[in-house]
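The first chain written gets the first letter, and so on, giving A, B, C and D; residue counts start at 1 in each chain.
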Amino acid sequence: MAAVHSEAHGETHNPALLHHFATEEQQRDASSFGMWIFLATEVMFFGGLFCAYLIYRRWYFGDFAAASKSIDAFLGGTNTAVLICSSLTVVLAIWAAQTARRALMIIMLLLTMLFGLAFLGIKAVEYKQKFDEHHVPGASFSFEHESIPGHPDQYANPRHAQIFFALYFVMTGLHALHMIVGLGIFAWLLWMAWKGRFTPEYHTPLEIGGLYWHFVDIVWIYLFPLLYLIDRHP
Amino acid sequence: MSMATATAQPVERVNYLNKEYGVWSWLLTTDHKRIALLYLLSITFFFFIGGFFALMIRLELLTPAGDLVQADTYNKLFTMHGMVMIFFFLIPSIPAVLGNFLVPMMIGAKDLAFPRVNLLSWYLYIIGAIMMLHCMLTGGVDTGWTFYTPFSTAFTNTKIVEAGLAIFIAGFSSILTGLNFIVTIHRMRAPGMTWSRLPLFIWAHYATSIIQILGTPVVAITIVLVAVERTLHLGIFDPKLGGDPLLFQHLFWFYSHPAVYIMILPSMGIVSEIIACFARKRIFGYSFVAISSISIAVFGFLVWAHHMFVAGISVYAALVFSLLSYSVAVPSAVKVFNWTATLYKGSIRYDAPMLYAFGFLGLFTIGGLTGLFLACLGIDVHVTDTYFVVAHFHYIMVGGALMGYLGGMHFWWPKISGKLYPEGWARLAALIVFIGFNLTFFPQFILGYVGMPRRYYQYPQEFQVLNVLSTAGATVLGVGYLLPMIYFLWSMRYGKPAPDNPWNAAGLEWKTPSPPTTYNFEEEPVVTWEAYNYDEIDAAHKEEVPVAG
Amino acid sequence: MSAHSKSSPLTTYFAVWGALLVGTFLTYEAAKIDLGVFNAAVALTIATTKALLVALFFMHLKGASEKLLKLVVISTVFFLLILLALSMADYGTRLWS
Amino acid sequence: MFDNFPLWPDKASTAAGNVDALFIFLVIVSGMMTLLIFTAVVYFAARYRRQQGVQAEQIEGSIPLELTWSIIPLGVFMAIFFWGAVVYFKGRTPPRDSTEVYVVAKQWMWKLEHAEGQREINELHVPVGRDVKLIMTSQDVIHSFYVPAFRMKQDVLPGRYTVAWFRATKPGTYHLFCAEYCGTQHSGMIGSIVVQEPAQYEAWMSGGTTGPLSATGEKIFAELGCVTCHRSDTQGRGPNLQGVFGMPVQLEDGRMVTADENYLRESILDPGAKIVKGFKPVMPTFQGIVSEEQLNALVAYVKSLSKPGTPGPKTAEAAPSKAPAKGSQVE
């Protein structure tokens, strides 16, 4: 660990300042920049999936629309709202740290995690529905006699609908995985906040964790219309 | 080797190697130099595994009939050769070993921005590596390193998922290395180390990191999709279920074409350092060489489908990708011209690193120019998926990247180990590698044009002579690669202690002791000079010590 | 970074939060109207606006003193678009003869 | 030539000369570039080797020089690109009225069926001087149809047709390779192309056959009951297929597509994908019901319905005299 090395320097340091940084500012800038770079990686990671989605949506638009319509958009919309609220509590937590309101910070972190858990809960309900309807790709998949929106006399091709559901589960599944990781990060942040580690001068981990959380929110902001709202007109 | 300055060294100076002892001082280190050595050990191990596979391939191809191994075994051999060499040797080779060691020193930093992330990335590499080893020992994979669907998802019964996971994990190791470099280069430069004063090695690593960060995640998600498709049969890549196998190829090459630049760009950085030092000159057209690295990284993302001209993509897409492919050729050509121009009116010495750099120049030129053939639609139809392609990318990835890596290892070995290697042996090895390489791979260009497809386990009689030549070359090449390992190991024990700056080279890394101390610099350096200020170095040197014979 | 720029006042945060919720509602309702090809355009425009709001205000991209972070975001989006656009160069022209 | 040490592949198609000319041009251009660089490197290395008391001369660089060696190569590259594109386009565009051969690839063999009905495995007989169009598909993984002597290669994909063509110029037997790795016996998936003089070829063709592929297709068309809906008048529940092939088709959703082989194939396997304007999506899928070979026959049959209706400039050589009239049984 870095703390072992700090005897090499005569000066007195903030214990959070690692040995190889000259100033706290340099360290904070490096950390937040690193997180942005990491998010760039994440964008491309989801980007491959968006590429697949784009191509098949063009090919099999009607089938995708039919499959999309079978998902509960109200649950999806609610989840969007839940995530937006959690993003608000994250910025409020950071604001609380900046203005030395420790209790508020802890409450906001708790709320964030609560919203995160609510999101996963609603997601689980949605998955359960799909499972019961045999819309999970695989051996028991079935999407027979589902009309294509706007073409009541034409049924969606189940094989193409299966591709939609495959993308749906991979994309939302990866997103949910990111949420779970985010919850882990926030549990740790909460613990740090509880121990009083964050001050108006030093709360970099909170900012970095927040960046990650907001990014996961942004991914969902795109997933929601792309997966749930392809074609909803009656 | 004849050293210009051989200042007396105190024998037991505290340095990064002897500061602490014991296994844990290595396995838990956050010192970028120790992590570099951990990587060096691991990738060398994989180099020889991959090399063994290569040797088996060449031995099998000695005769037209399939006689040495079974067809399945042969298919696994070339698959594992590719996977090991690409994901576990070439991609981490220069960035994770020399880059790790040198990037902080060259910009005057004490360490990378995130030392613990750096260690984590080595552990990720090791986890991926162990999985890959386990996969190889328990049956291996037979799809070719390219994992083309639907063969990989619905037909082969080998260990695709495990190999994919191994590459996925190793990929994240590569992403973290790139992330660390970018942040370090932006945030950790010493006072006065402006962008225009950065060594070209740093520019090259910066460009490499861009590709690692933006390309690797795409192949990672593609591998996830292959694994999911294979286990659950979702149809994303399976034409039987409505999917498009070409989508896999698009996503795969979106990373795997730029990945070639992950291998070659750092090597170009090394060559710039070596040529400047041994010609005692500032690199001709410094800013053009620097910018060309970035343009190769950026343009590299625009050309991927030139691997798919006969795969069934639309002819219009083929036109676009062929045209864009030439955009990478221009900055590559600019680099070669600038290196050549740097030699003009230089004061050139032929020490081992310079011989490797010359070798790089020659082989990369041939490799790059044959790339024009493959970007050219009319010719690609005939030569793609033949030995012409095999020869071309080996000229780039072995002739280019590996030559540069060896040159760099020789150049910085005194700094890394604090010992001098035997110069005569090193020059001999460079010569053997160069000759062996050309003998192995040049016949393959002809083999490709006369029509021998790649990944063939048995072949028609008429291709035999060229194959025998290639196999003969491979044995020479094998000797060439064994030599440096032997004398580097030898020098660690018996080599003469190295002075701090054996080559009188420019660059902050040479201002540290050999081997460096844990924090590299006694105090933070302040840079007031341009990169490659060899005129100032040589002028100062002349005043102090007359040129030693 | 953000700590040095004046921290965003709470009113901004709540305004952005409100705008995001309204955006969610709008995109949900817009999907029920038949706009033909424009359905996707509307959905993506709203999503991008929302994403920008989150990035600029919640992630403090707007207050970032440096251009560097903006450069990271722009170039990432650029490479993502390259992936999508050049793939479409194939898929969009396959049926041309 | 050396039998065991070939330096140049056989040249047996019209494309081979074009590709070779371009290749030779590229070899010369890159050879000159290589020579230039090697000479410069070797000369500088020798001329400016380190000497006592001689210091290197620092040269910062030169923008005119940088521009020169960026723009000139770029110009050369563009020339290569255009030439390559022309050769590629020629190789991708089968002439009209080519003789057609349906290719089905599977692990690890080539199944070839002439439009006239002859079937071959791992061997393809073609006459000298006639355009041959290959309509290819795979039953399993991706393969690649590669004939080095023709400088021709095209991947063969499952689930769709890819097309290639050639015109042989020299009688002989040439290698057919699978060039896309396809599993254990990939290197065993080889065959030969037998190019014959027209007379010999006609003799070979007159060997036993079950009749032209389109006739087989017509039989299947009747057996599967396609005729009940796809009638030759405008009263059917499905579109009249007379003269459809090669024509633009207006779809229900407003799109226009060309009725090529892939369109016919998709319409049989996934009828709902492209509904013709004015028709209802009532056709059942034949996915899993027809084999690749039967599918080829059906496609050949539908194509044959367009043959008499497309008067085009046919040369006597290109249009085989035995081209089946609609529905007629030859031999």
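In the analysis below, a contact is a pair of C-beta atoms (placed from the backbone, for glycine too) under 8 Å apart; a residue touches a chain by one contact, two chains touch by 3 or more.
This is a predicted model, so every value here is computed, not measured.
When every chain is represented by the mean of its C-alpha atoms, the one lying closest to the mean of all protein C-alpha atoms is B. Contact tally for A-B versus A-D: the pair with more C-beta pairs in contact is A-B.
Spacing of chain B relative to chain C, judged by their CA centroids, is 37 angstrom. Chain A and chain D, compared by their mean Cα positions, are separated by 46 Å. In terms of their C-alpha centroids, the spacing between chain C and chain D amounts to 43 Å.
Residue numbers of chain B whose C-beta contacts span two or more other chains: 186, 214, 218, 242, 246-247, 250, 254, 315.
For chain D, residues that reach two or more other chains under the stated contact definition are 270.
In chain A, the residues touching two or more other chains are 29, 33, 37, 40, 44, 47-48, 51, 55, 59-60, 157. On chain A, the positions that touch chain C within their shared complex are 28-29, 32-33, 36-37, 39-40, 43-44, 47-48, 50-51, 54-55, 58-59, 73, 77, 80-81, 84-85, 87-88, 90-92, 95, 98-99, 150, 207, 210-211, 214-215, 217-218, 221-222, 224-226, 229-234. Interface residues of chain B facing chain A in the complex, by the touch rule stated above, are 30, 109-117, 175, 179-180, 182-183, 186-188, 213-218, 220-222, 224-225, 228, 232-236, 241-244, 247, 250-251, 254, 518-519, 524. The touching residues of chain B, counted against chain C in their complex, run 186, 214, 218, 246-247, 250, 254, 301-302, 304-305, 313-317, 320-321.
Note for the complex: chain D touches chain A at residues 270, 272-273, 275, 280-281, 285. Across the complex, chain C meets chain B through its residues 68, 76, 79, 82-83, 86-87, 89-91, 93-94, 96.
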